[in-house]
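Below are two complexes that have subunit A in common, paired first with subunit B and then with subunit C.
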Partner chain A sequence: MAYTPQYGPGTSIVAENRRNQMNPNHDLEKIRDVTDEDIVMVLGHRAPGSAYPTAHPPLAEQQEPDCPMRKLVTPTEGAKAGDRVRYVQFADSMFNAPSQPYQRTYAEMYRFRGIDPGTLSGRQIVECRERDLEQYAKLLVETEMFDPALVSMRGATVHGHSLRLSEDGMQFDMLQRCVLSDDGVVKYVKDQIGVPLDREVAVGKPMDEEWLKAHSTIFHSLVGTAYRDDKEYVEYIVRVHTLRTKYGFMPKEE
Partner chain B sequence: MTEARYPQCRIVPLRILGPDTAERLLNAVAGISGIRRLMINGPSLPATVPYGPARGKPNPNTNRRTITVGDTEVELRVQVGMLTAEVTDASVIAQIRRACDDIFTKFSYQLQEGQFMKTQATLTDYAKYGPDVDETFIGLVDPRRKETPVILQGLH
Partner chain C sequence: MAKIERAQKLFLDSLNEKFSGQDIESEKTTFYNFNGVRQSPRKREFMKATEAIEKSRGISMYDPERCHLGGIPMGQRQLMTYQVSQSGVYCEGDDLHFVNNAAMQQFWDDIRRTVIVGMDMAHATLQKRLGKEVTPETINEYLHILNHAMPGAAVVQEHMVETHPGLVDDCYVKVFTGDDELADDIEKQFLIDVNKLFTEDAAEELKKEVGTSMYQAIHIPSIVSRTCDGGTTSRWSAMQIGMSFIAAYRMCAGEAAVADLSYAAKHAGVVQMASILPARRARGPNEPGGIKFGLFGDIIQADRKHPNDPARASLEVVGAGVMLFDQIWLGSYMSGGVGFTQYATAAYTDNILDEFTYYGMDYLKDKYNFDYTAPSPDQILEPTQDLVNDLATEVNLNAMEQYEQFPTMMEDHFGGSQRAGVMAAACGLTCSISTGNSNAGLNGWYLSMLMHKEGWSRLGFFGYDLQDQCGSANSLAMDGDRGLMGELRGPNYPNYAMNVGHQGEYAAIVSGAHYGRGDEFCYSPLVKITFADPSLKFDFSDPRREFARGAIREFMPAGERSLIIPAR
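== the complex of A and B ==
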């Protein structure tokens, strides 16, 4: 019988959303359109339209050592071309942001190739070859894993994920990289690290509260789904903790 | 150290305030007679990028601006998240509650009562102000900052 991954436990909508984001066979709903040039501008690693700087010659032009792993693994487009390794980092608000740092890492590991994610409490960074990165970042911004108000691309000075939201519903950002304009559209005025952009980059309107609650991947007893309401999830985590605690005593399940 | 303890309260809105609402709130609260000291808390909004690759570059931010409380100009260095007030007696807290009820109509707030300000000088305060410090100034400003507390004028 073929193995079918379960991705995670739980019967709540949060658990379902987590599984959907992780499952590469599930098509993430596309919510907004952001151009390639806009993504390149916000990432801030190279000028839009310029050639990709390289870290080494293209693989086709260099002599590869005789290595069985290299024969087994197909290089990504970025690796083939010898691109530099660059990053994108997202800060996700705890107030029902559609993705969360650990969730991002799980989802990206299932969906993308040639990545090196770094997971922290309020932010998640993913490093990979530049042209792969731009594709991945575009997918992460255009789909249901992003909300213009509660998720933002922040290379540095990321503080804000656990703070109360601002009056206009935006996640706090010391550098105010994106602003909610009068027409209700969130626009990036600075790149990831806080350098002002030549022109504003629109990333769409913030999603409403109902949508956020239905697409959240974080349990939150005050603004979303309470963790204790998902009995299966609690049972699973209790089992993990029990077995971990008893591990030194040769655990046996009863 | 002062012997008398005055009642204190803390206004905690559900959202972090923009400068306009902060200005309205401060004017409404500071206009009530019987308030001895006020303190604003919130996440910092520095004028230049403090760290990262863009360190030292200017940090334009619409939330950092100068607001007017009474006749006094107050330069906001934080996005207002909390307002702590020391008052002369408990009846003033009831007035603050009424003022807040008028301002926070779109989202809620909490008004907490307790002891929120420092009661005596710490080692850091001693290092900064010396032994003969005015007790009313203790704990009102971050000891690392050069700026002094703002004296509000033109309110009563």
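== the complex of A and C ==
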């Protein structure tokens, strides 16, 4: 019997957006073009055009142990090549940024292979083999999961997700890795760790408030959808909590 | 759940002061124009102090404009001040690091240097084994001798070294008993007078618990417990007790009966403030990780000051608890550095947790006709799952909405861990105060955590994944190694041992269960009486106010050393 994931509860647009981002059968809307070279520059792990540094020889060139798991799991391209494990980390503003930390992790787990995500309040990191990472990062930047003003790639000093926005609508970043240019386009002037780039990397224009509200995955009673209004979502959380409590208190069937 | 109107928002004053001249409900502001780290008077003071230090020692030190992020100093946004909640005192965040705050240091000193030692066993030894007479007069004489000896003075031997009284003036011993007649015969200077320090009803209940026994509330010198550790307290105390009994009752220093007195003073009659910790945390007794949450609720005396406001009393426990357990225990004993401070301060600054908690109190009144200003077992609500779910859901949703409606408040609590601890604390307190059940309070905490995580798609740092996403299942459990009643849990409880932003709040949730019932104590009547003593350096009935005094440098601690160092 084929299992059909439900992804999550809720009747609101926030809940629907969450399900869409998680569902690998849903095509994420591509909104902007960012070149492979530009992604590599912002990631800051290797110089564009340079060879991928390796952590081990290509799998085809090394003796693989006789392991049934390895026969079951097809390695990713990065794993096959022996790439290093590197990261991309996003900081998402609470003012209706289209994706949010746990949402990113859930979506990535459904959509990507060979990843190790980490979820905090002000940032979400995903680690994987370097050439896989570049593909994943490109998707995360080019699609509806990204907004140039409210989402940014930050390796360290991520402070900003909960702060008020700057007058120009940009999320606070003490390193100002990306800036809103006079032409209305957001441009990275530093890589995600804060090292100045040789040239600017444009990631497009900020989305407008209406679009953000319609595509956000965070509840917010001031600028978006109130959590309280999605009764199904709240009831579901209460149900999960209640069942966990009862099981921990008295682990037997009634 | 149903939102109720609450016009009074306790955090507004703080937000208006912190963000003076700005619209505190606006989503927009300006950044990068605050002159960096120099916007803060305290940071400027640090920089100036460094100049002198570097000249003196010839080694570089505090240099925030060079060393922070390769030349990008803090202060690209506004470096906020903080009001210590309900104190009216504003200070800088730096003033709430325990290194910079003498009141915080003394708070922990006063706990660590305290043991309670029963006198009954010693008196029985003297009377039954040695045939000595024990009377109020001999007890008073013994206490005179003990208050000479405890700070570090000799009472039996010739040619002994002693400590300078000016260095150990915070050291003393008082006694208490449930026997009014005996208490009347004890010199007032040595007596913790239960009748004067507690309400009539509370005093009667506490005296009933203590009975005719007599206990010594012992506070060894701060400087001793600092130089050594909490495990020293009972040893130092027992040595001086033994010598004082020998002197007061004219015993032979080597006779076998002394062993009985020593055993009583070192072990059998001793109440430590904290239990010993396992090897992986490697601390002796009287160190923070071993303090049971129920006992901590008895150390804090705010319910004596606010007997008709269990919310306020519990909030004082939060402040005291997060300072000790987050800033000192996890932040320094177990980790190190400065990062833990702001996890803790979020819970006792700017009246934010206070506002969320009083919303819960108003909701209780509005929906359940529960009057929190009249604590009594008679009106306690039955701790059902439905009740906890309703209370925690509403209090948590309100808190989230407040953060959303006031973006400056979200900016104030800029980290998810801060918000998580504060919202869950308000939920837990609402549940425990109204049900008189600490585990119901803990259960409310975990519903808040799940609701928060799903609503904003974020929670705290990685540790919150471990602790809070599985907490529902252990909050009511009583099975060994995974469950316990809240009063007996503590910072070293298996699932609580590693995560900042929780332990102080748990202690308050446990305490709130008793404050809501109007109980005279949470766990130990002996501890409750001991820390009611007004002679202690730190006023345990008003911890947040004391921390505020420390922040503005008005708190005078013990631990004087100027007597033995060169004049500046």
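Operating definition for what follows: the second predicted complex is superposed on the first by the 247 of 254 C-alpha atoms of A that agree within 3 Å, B and C clash if a C-alpha of one lies under 4 Å from a C-alpha of the other, contacts with A are read in each partner's own complex, and residues count from 1 in each chain.
We adopt the following convention: a residue touches a chain if its C-beta (ideal position, glycine included) is under 8 Å from a C-beta of that chain, and two chains touch if they have at least 3 such contacts.
Treat the numbers as computed from the prediction; the structure is a model and nothing was measured.
J.: What is the contact status of A:226 with respect to subunit B (first) and subunit C (second): first, second, both, or neither?
T.: second
J.: Which partner does A:166 contact after superposing on A: first (subunit B), second (subunit C), both, neither?
T.: It touches subunit B and subunit C both.
J.: Which partner does A:84 reach: the first (subunit B), the second (subunit C), both, or neither?
T.: neither
J.: Tell me which partner A:100 touches in the superposition: subunit B (first), subunit C (second), both or neither.
T.: A:100 sits against subunit C, while subunit B stays out of touch.
J.: With both structures superposed, pick whichever of subunit B and subunit C touches the larger number of subunit A residues.
T.: Of subunit B and subunit C, more residues of subunit A lie in contact with C.
J.: Which of the two partners, first being subunit B and second being subunit C, lies in contact with A:46: first, second, both, or neither?
T.: neither
J.: Tell me the contact category for A:196 with respect to subunit B and subunit C: first, second, both or neither.
T.: Only subunit B is touched by A:196; subunit C is not.
J.: What is the contact status of A:241 with respect to subunit B (first) and subunit C (second): first, second, both, or neither?
T.: In the superposed model, A:241 contacts subunit C only, not subunit B.
J.: Touching A:174 in the superposition: subunit B (first), subunit C (second), both, neither?
T.: both
J.: Report for A:249: first if it touches subunit B alone, second if subunit C alone, otherwise both or neither.
T.: Only subunit C; A:249 stays clear of subunit B.
J.: List the residues of subunit A that touch subunit B in one complex and subunit C in the other.
T.: The overlap between the subunit B and subunit C interfaces on subunit A comprises residues 157, 159, 163-167, 172, 174-176, 194.
J.: Tell me, which parts of subunit B touch subunit A in their complex?
T.: 13-18, 21, 43-46, 49-54, 57, 59-63, 79, 81, 106-107
J.: Hey, which residues of subunit A end up touching subunit C in the complex?
T.: It comes out as residues 18, 94-95, 100-103, 118-122, 157, 159, 161-167, 169, 172, 174-176, 194, 217-223, 226-228, 233-234, 237-238, 240-242, 244-249.
J.: For the complex, which residues does subunit C have touching subunit A?
T.: Spelled out, the residues of subunit C in touch with subunit A are 1, 3, 26-32, 69-70, 72, 74, 76-77, 385, 389, 393, 397, 400-401, 404-405, 407-408, 410-411, 413-417, 419-420, 443, 446-447, 450-451, 453-462, 465, 470, 472-477, 482-483.
J.: Subunit B touches which residues of subunit A in the complex?
T.: Answer in residue numbers: 155-157, 159-160, 163-168, 172, 174-176, 179, 193-196.
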